[in-house]
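Each structure below is given as structure tokens.
Look for subunit A in each of the two complexes below; its partner is subunit B in the first and subunit C in the second.
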Partner chain A sequence: MPRTVLTLVLNDPPYESARTATAFRIIDAAIRRGYDVNVFAYEGAVALAFACQAPHANAVHGRDVAGEDHPTTSAWVREVLELARERSIKLDWVNCGLCVDERGVDDAVRGVRRGSPADLWSFVNTSTNTLVIPTR
Partner chain B sequence: MLQILTVAYRATLEEQDDPILWLSHSLRNNGAHIDLLFRSSAVSYVVRGQSPIGLRIGEWVQSQPPDIAYEVAALMSKDCRIFALAEDLAVRGIRREHVLGGVGFIARAELPALLRGYTNIWQW
Partner chain C sequence: MAGYVFIAARDPWEGVEATRVFEMASSLAEARDAVTVYLTENGAFAARAPAGEQFLSPLIAAGVNILVDPFALQERGISHERVVEGVVPAPIEQLVDLLAEGRPSLWF
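And now, the complex of A and B:
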């Protein structure tokens, strides 16, 4: 039986919208269900995998860096890539190259590749379904 | 594929285009069959004669302002059908004589029939 393949198109930059965490939860759940997943990161979402992100302390919470344990979306990207690898699931995370260039976020976590709308079109044609999560 | 756009002028000055119109062109150039439906504020995209020239930030002057209506017309020239929701045009006072030639006016009641004609519907 052919494996279910989901493609997600993400647009929100990190730390700006509840849609980001929702997207990662969907990706995580899809991998755990045994679905292959394609992610096309467009516009600000290309920064989700930016390797230069860093957690920080939180004086309002009274916590240092370790105590605050602040998540980074790049760490979440690493987590879902590792989850897919452990389960022999294909997770193909593509950043739109021109979006990367204009935002200067070309240092992406290992396992994320640079691509173009041609990759998105290829994903669409080989997926069971495609979900667009637009930005506002 | 039907692309439904609902938000107008999001980042269009700094992108010098609309990101979703640009993506539509790129997908079309890669062989996708795409039609577009404009709803809500995005119905403004089918208005003729828009001219966002003259943006200046400090000493920087924009030399390539976005030409949204041109991009919409260019998609039509690539055999993309363009629709705009009639009620959203009317509430904004946009009449047919203000609109690019070739744009289809779709009433809300006609949407189910329109949507049934597509296997992929992406709303932005």
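And now, the complex of A and C:
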């Protein structure tokens, strides 16, 4: 029986929209259900996996870095990649290369690869389903 | 597999787009297609009784299956007791399973 494969197309940059959190919830749930997942990050979404993101303190609230516990999307990417590895699930995360170059976010977390819309074409043609999460 | 999944993430009071997509979902259901609308993020506001009936009652009457993300309800302080009758709280895993059935999906 062929494996179930879900493809998600993400467009939103980090820290802009609830759609990012929902997308990660869907990816996490799909992995835990045993489905393979492809992610094609397009436009601003390529910055989700930018390895140079750093958690920060919050002087206004008087909290240090640990107390603020500010999440980064690159940490979330690492976590879903790790979850997939633990469960022997294939999570293929592709960043649009041109979008990466435009934004200077080429330092992605390990496990994320650079690609092009041709990868999205391949994903769509080999997936059980494709969900596009638009910016608006 | 026949059937469609609409993922409603917008507050339906924000504009007419949500209403138009709800009309499309209703039309598909009336044409005997299985249609599920999953309310998440600000789309969960449509599930709040008594205001949300104006959007959801026509869908329910047309046979559309309406699910709402409990996480989105909790974020917005909407208790399950205040959800429009006929709308079912369903964890996001249920949405993932619908997608895994290969149903055409539309996020709006």
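FYI, the second predicted complex is superposed on the first by the 135 of 136 C-alpha atoms of A that agree within 3 Å, B and C clash if a C-alpha of one lies under 4 Å from a C-alpha of the other, contacts with A are read in each partner's own complex, and residues count from 1 in each chain.
As a convention for this text, a contact is a pair of C-beta atoms (placed from the backbone, for glycine too) under 8 Å apart; a residue touches a chain by one contact, two chains touch by 3 or more.
In this text the structure is predicted, and so the values were computed from the model without any measurement.
If you put the two complexes together on subunit A, you find that subunit B and subunit C both fit without a clash.
Residue contacts after overlaying the shared chain place A:33 against subunit C, while subunit B stays out of touching range. Touch criterion not met for A:65: it reaches neither subunit B nor subunit C. Of the two partner chains placed by the overlay, only subunit C lies in contact with A:19; subunit B stays clear of it.
In the superposed model, A:75 makes contact with neither subunit B nor subunit C. In the superposed model, C is the one of subunit B and subunit C that contacts more residues of subunit A. In the superposition on chain A, A:52 contacts neither subunit B nor subunit C. Once the two complexes are overlaid on the shared chain, A:4 sits against subunit C while remaining clear of subunit B. Once the two complexes are overlaid on the shared chain, A:134 sits against subunit B and subunit C alike. With chain A fitted onto itself, subunit B and subunit C come no nearer than 6 Å, counting C-alpha atoms only.
Contacts of subunit A with subunit B, set against its contacts with subunit C after fitting on chain A, overlap at residues 130, 132, 134.
Contact residues of subunit A toward subunit C in the complex are 4, 6, 18-19, 22, 25-26, 29-30, 32-33, 35, 128-134. Subunit C makes touch with subunit A in their complex at residues 7, 9, 40-42, 71, 91-93, 95-97, 99-103, 105, 107-108.
Subunit A meets subunit B in the complex at residues 9, 42-43, 116-118, 120-121, 124, 130, 132, 134-136. In the complex of the two chains, the subunit B residues touching subunit A come out as 1, 7, 10-11, 19, 23, 26-27, 30-32, 120, 122-124.
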